[in-house]
Amino acid sequence: MASLEINGQSIELDEEGYLVDLGSWTPEVGEALAKAEDVELTDEHWDIINFLREYYEEYQIAPAVRVLTKAVGKRLGKAKGNSKYLYSLFPYGPGKQACKYAGLPKPTGCV
Amino acid sequence: MAMLHIVNKSPFEKVTFDSCLGHASAGDSILMIEDAAVGAIDGTVFADKLKAAMADKSVYVLVGDLTARGLSEDRLIDGVKAVDYAGFVDLTVDNEKTQSWL
Amino acid sequence: MATKKFMFVNRKAPYGTVYALESLEVVLIAAAFDQDISLAFIDDGVYQITKGQDTTGIGQKNFSNAYKALGDYDISKMYVEKESLEERGLTPDDLMNLVWEDEDDDYKEKSSIILVNREEMAAVMAEQEVTLSF
């Protein structure tokens, strides 16, 4: 099984690089997961990551891209609530990639 | 659109079969498999319910499941049709939709 | 993609078996494919959407709040059978407030829960093109 070394601690990842134990997430873990894919997280990334974590806290599911887009638009404004903006931040797919850095499972129905 | 309802729970243990009968429409078919097969014979406390349903629905039983439980075809409620696996397949083809009552 | 009328029939209480959670997962997948989705809650399935679920005592994830997200997935038809509630000593007040936003009506929140009797439920089932039972 893959793992991520951070501050001397080993954090387990599944075969696709998502956290095995969602409770092991910290912002540092998020940074490290992004860095492993050569992504430097900006405030704009964090807006989405924090939003996803709040969404998961409330509903216990990682939202599909369509739902994420709509919800981000409502929360952060129309300029950010569109797939072009979200894909510019997370080119591998806002659902898959952002959820990974946020320490959430891969969204159900994400293709 | 006719539906094939597949039931696999004994009517003497679970409400599944009752629920199926309560939601099946006229013209639908009901296939009793696995433990549900025990509900297909006459003389049980369930028989009258099934006979009532047969007024406007067709009822089938998977014969292998019946005989596996020591029940022979001659004990079936009149009008219940015994089918084998090929008959099972035919039923799924003949009906536009199926619903498995788990 | 062609849209079909899908109905997910939920007949089991949550947590004791994996059916309820599996159904929810498949519902979310179907929603991602823009299908015309209805959910039916009959028999013990009505326990899936009771309010105030607390799973801390059983060490399982409480997934009941996920049903509240279904409105975001454009799922607005949750048929709940009156007889099933009554048999279990429940009333609609025992259920979560599940809503969807109507884009054509100034995003007004509307209830997704549609109470039907057994006969009406049978008619709704008969209208479907695909029925998945859990």
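Read from first to last, the chains carry the letters A, B and C; within each, the first residue is number 1.
Note that a residue touches a chain if its C-beta (ideal position, glycine included) is under 8 Å from a C-beta of that chain, and two chains touch if they have at least 3 such contacts.
Bear in mind that the values here come from a model prediction, so they are computed numbers and not experimental data.
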| item | value |
| --- | --- |
| Core chain by centroid distance, with centroids computed from Cα atoms only | C |
| Chain located farthest away, centre of chain B as origin (C-alpha) | A |
| Centre-to-centre distance between chain B and chain A (centres being mean Cα positions), rounded to whole Å | 49 |
| Between chain C and chain B, distance of the C-alpha-averaged centres to the nearest whole Å | 27 |
| Shared-contact residues (touching 2 or more other chains) in chain B | none |
| In chain C, residues with contacts to at least two other chains | none |
| Complex contacts: residues of chain A adjacent to chain C | 58-61, 63-64, 66-67, 70-71, 108-111 |
| Chain B residues within the chain C interface of the complex | 1, 3, 15-16, 19, 22-25, 97-102 |
| In the complex, chain C residues that touch chain B | 9, 11-12, 19, 42-43, 118, 121-123, 125-126, 128-131, 133-134 |
| Chain C - residues contacting chain A, complex | 25, 28-33, 61-63, 65-66, 68-69, 72-73 |
